[in-house]
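Heads up, the next two complexes both have chain A, just with different partners, chain B and then chain C.
Take a look at the complex of A and B:
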């Protein structure tokens, strides 16, 4: 293919600058000893110290991580079982129907997921708070796990299972010793995406969180509505660091397994 | 595969999930849309939806979503195209994607500072002699921030489509005397239209339902369907009306998906070796 001439290079450079400018802008001012995001007075780490001294914020941070890890684990388990169930469905119409249902939550606007889950939880009497947030995150992560795992399952040759069965493996062995190792890359990718889905979610959590429970996104929202505090900037610096580490981790996994780079996120 | 006895067991959690968290929520939304604030069965919510207030809201929501999608596409297509021409294109693509992994709220929050009266954009305008402008809480800031948020999701599918494009087709077109524009219009665009369609799908639907950006950046001036739903559910506690708007949003979602998925089969045959 033709090499890039100057103009396209400039265009790409501008796109990159615009994409990263807000993030670096936030991080830059996180070191500002002044109060706002306009005048840089002098370098300070006080806002980072403030993040670690703010126990309320730390509790929210821990909440966010706990919800993300738990929901990713549980949704991965259910999603893998679901993908296996879809694989073994012999009725094609039925399989397509299930796949369509699976994808509804992926394309649904967050607001609708949040509102409908709020109705559901209120109706069946789940108290709004940790439980409702966790269940919601599990619920909206399951379809993405299925999407990541199913292609791996379909890649798997059925003769592999037949061979295992012929060699005397029980059905349980087939699942744990043949199927799961083969689809491990898909499972990891699914787990990882579920994790980031959960960490990033705002809208759904906003609907189903009660008064006493909050995650980082919801907290940032209410802080941002109140105005600029450089604690958020410091927090964003930390989050950026963690995100880059996670992305590199995911990149390694997906390179090893050649699975396409992350799907669509809302 | 004769694993029938096992099947019901492992299918249970997933089936339960589908029933509880896919079918039931939609059914509940539809059900609640028929109740008013006092809990009486009514179709007033639907009547209300067709009053000027909600129709205006729907139209403006579509207009903003259209603008956001259009600008995303306008900026994303060249970006994706140039990206496929770079060395190490996967790495560059990853760099485009990284900002989309940063928490949405933080990026939106950054624009409060960037666009603020004393922010760098205004400082720049001042230097250029244009003078301070109120950027925050305008339509412009809303559309800009939304495009910023959504553009990676537009780039990704277009990049994938362009990446799959056989370069021989472009060479052939050029050899046959087509100029760059004709080649783009008659060869590249039709062959990547599916990427564009999925890009439109993943931008337009969320753009219809934004509510956080409207609140933080548009300062309640812009009201989208998403904002309206949030308002009805969490502020006025009118779940019936909120559900009715949600029902329409779901309908719009299906229509958009039908349009953007519709011709996929026919289009994908175009020019591809079969």
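Take a look at the complex of A and C:
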């Protein structure tokens, strides 16, 4: 790659500063012993201690993580199979119709999705709580996974599958040993995107939480009236740290899977 | 393929471990049996220690959830799905919930602590005889200002906002009832006026204010005031208290012509499954010492007269947040004016905003 000249470098630096400054500002004040975000008094870890003392907040935090992990996992599984099914649809009109339905779900407003889930769950008598939140998070993540995986599938040469079939692979083998290893980067991207979608969704989640089950986004939004405390800063700092670890993990995994056919070898 | 399966298995194991930890943590309430109530409150609106105390005293476990708007709260209660036993709507929302038949009447035999409440806050038009609701916290609408930025100027009357020296200094609330209400108050009319000529006059008076208006915004006003980027704002007393906590220069005043008195009130929604538990909770929160502890934590004004004895006199004697009889007599509670009238308010407010450059 050609070396970047000075101007683009500066531009890039400014963009990154703008993007990261608020986060670091927030984390900086999480160490403030004063009550608010206006003037820094002295260094303290009491807000971090407060996060771990507040059992309710911890329970909500763990809820949020569990829902994100499980919904990302399940929606990735369903989304990948869905994308494969769309690729192999013979009828072109049908394929386009399914794809459009998938895209409509991506662009439809969260509030509408949330409200309709609330109505659906109360109508069929599903108790609001862990299950209802998990189901709705899986539902809004699937279309995202499909969109992430489909381009990878289309990139794949059809002769690869033909060759596998000629060599005597069963359909199952073709899926697990040819297709999935090839599209693995797409799967990973879909999984991580679904994870973040689930972590920060407020609009859908607000409607489907209940019976004591809540997530962090709902909790933080409702604090707005009485003012957000520095405990939330501390919590945000911790989540930022976890995110950084996740991203590093993602790069380690995706570096390993650079050669897409590595998985074919036994 | 193998590593994908391995990754999935790892996620499942981690989730299972986290769920077990969670089950352990939520058990911490330490109560046996199924005796519990579900409380639905604003975020950061109770001292969490009191929930623990309540469970200790009564043996009833509290499942606690929060909401961020009256409207969101009502839609969830209306739809069902969770059996909320207590919630804390604002006064106008109580009128709407009554209309929709979403509330259960309070049985006063089970709430002896009601005698602690200042009679001034009882039997108000939004809920005559307090059939369905009891006050939780209250406050006013007024002017927050920073005298250091204004060469010591002070405010006593709404009309002071029209002072020509305040060019581009005043921040208004982006809410039709508060802003039009200020116009009405400054002319000596009722906040609940449905008289179109009065409303027209109020709007015209507001238009004359526009050279002084810096912005019409929502909650973002708090950091602006704290950082000294704004000098004067129309504000709720709770918000003003937050500002003053962060920046000691700021002062708050309820203008002499009168203003809005707002309430959040405890009610029992019709979905309640533990009505006795709900009454026990209301009674507990009305206990003098409990209410005092809660007011210390939340920082809003408590309607609990007996609680004032347990609080810091510096707080309870602060007439900005515990106004005297004289000021109180000018305060007025919002009524639910109906959709049509609300539309008129909104339209006039929009007209005012469009008139500004």
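Going forward, the second predicted complex is superposed on the first by the 221 of 266 C-alpha atoms of A that agree within 3 Å, B and C clash if a C-alpha of one lies under 4 Å from a C-alpha of the other, contacts with A are read in each partner's own complex, and residues count from 1 in each chain.
The rule is short, and it goes like this: a residue touches a chain if its C-beta (ideal position, glycine included) is under 8 Å from a C-beta of that chain, and two chains touch if they have at least 3 such contacts.
This is a predicted model, so every value here is computed, not measured.
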Inset, instruction - Check whether A:128 is in contact with chain B, with chain C, with both or with neither, and answer first, second, both or neither. - result: second
Inset, instruction - Applying the touch criterion given at the start, work out whether A:15 contacts chain B, chain C, both or neither, answering first, second, both or neither. - result: first
Inset, instruction - Answer with first, second, both or neither: which of chain B and chain C does A:118 touch in the superposed model? - result: both
Inset, instruction - Please work out whether A:176 is in contact with chain B alone, chain C alone, both, or neither, and reply first, second, both or neither. - result: second
Inset, instruction - On the superposed three-chain arrangement, identify whether chain B or chain C touches more chain A residues. - result: B
Inset, instruction - Go through the superposed model and pick first if A:63 touches only chain B, second if only chain C, both, or neither. - result: second
Inset, instruction - Please indicate which partner A:214 is in contact with in the superposed arrangement: first for chain B, second for chain C, both, or neither. - result: second
Legend entry - First (chain B), second (chain C), both or neither touched by A:224: both
Legend entry - Common ground on chain A, meaning residues reached by chain C in one complex and by chain B in the other: 36-38, 77, 115, 118-119, 206-207, 220-221, 224-225
Inset, instruction - Could you pull out which chain A residues touch chain B in their complex? - result: 1-4, 8-9, 11-12, 15-16, 18-23, 25-26, 29, 36-39, 77-79, 81-82, 84-85, 88, 98, 101-102, 104-105, 107-120, 123, 139-140, 142, 146, 158, 161-162, 171-172, 174-175, 196, 199-200, 202-203, 206-207, 216-217, 220-221, 224-225, 228, 232, 235-236, 239-240, 243-244, 246-247, 251, 260-262, 264-266
Legend entry - Residue ranges of chain C in contact with chain A within the complex: 1-4, 7-8, 11-12, 14-15, 18-19, 21-22, 25-26, 28, 38, 42-45, 48, 63-68, 72, 75-76, 79-83, 219, 222-223, 226-227, 238, 242, 245-247, 298-299
Legend entry - Of chain A, residues touching chain C in the complex: 35-38, 54-56, 58-59, 62-63, 65-66, 69-70, 73, 77, 115, 118-119, 121-122, 127-129, 132, 176-177, 180-181, 184, 187, 206-207, 209-212, 214, 218-227, 229, 253, 263
Inset, instruction - In the complex, go through chain B and note every residue touching chain A. - result: 1, 3, 5-7, 10-11, 13-15, 17-18, 20-26, 28-29, 32, 75, 78-79, 82-86, 90, 92-114, 116, 118-120, 123, 148, 151-153, 156-157, 160, 167, 201-202, 205-206, 208-209, 211-212, 215-216, 225-226, 229-230, 233-234, 239, 242-243, 246, 249-250, 253, 257
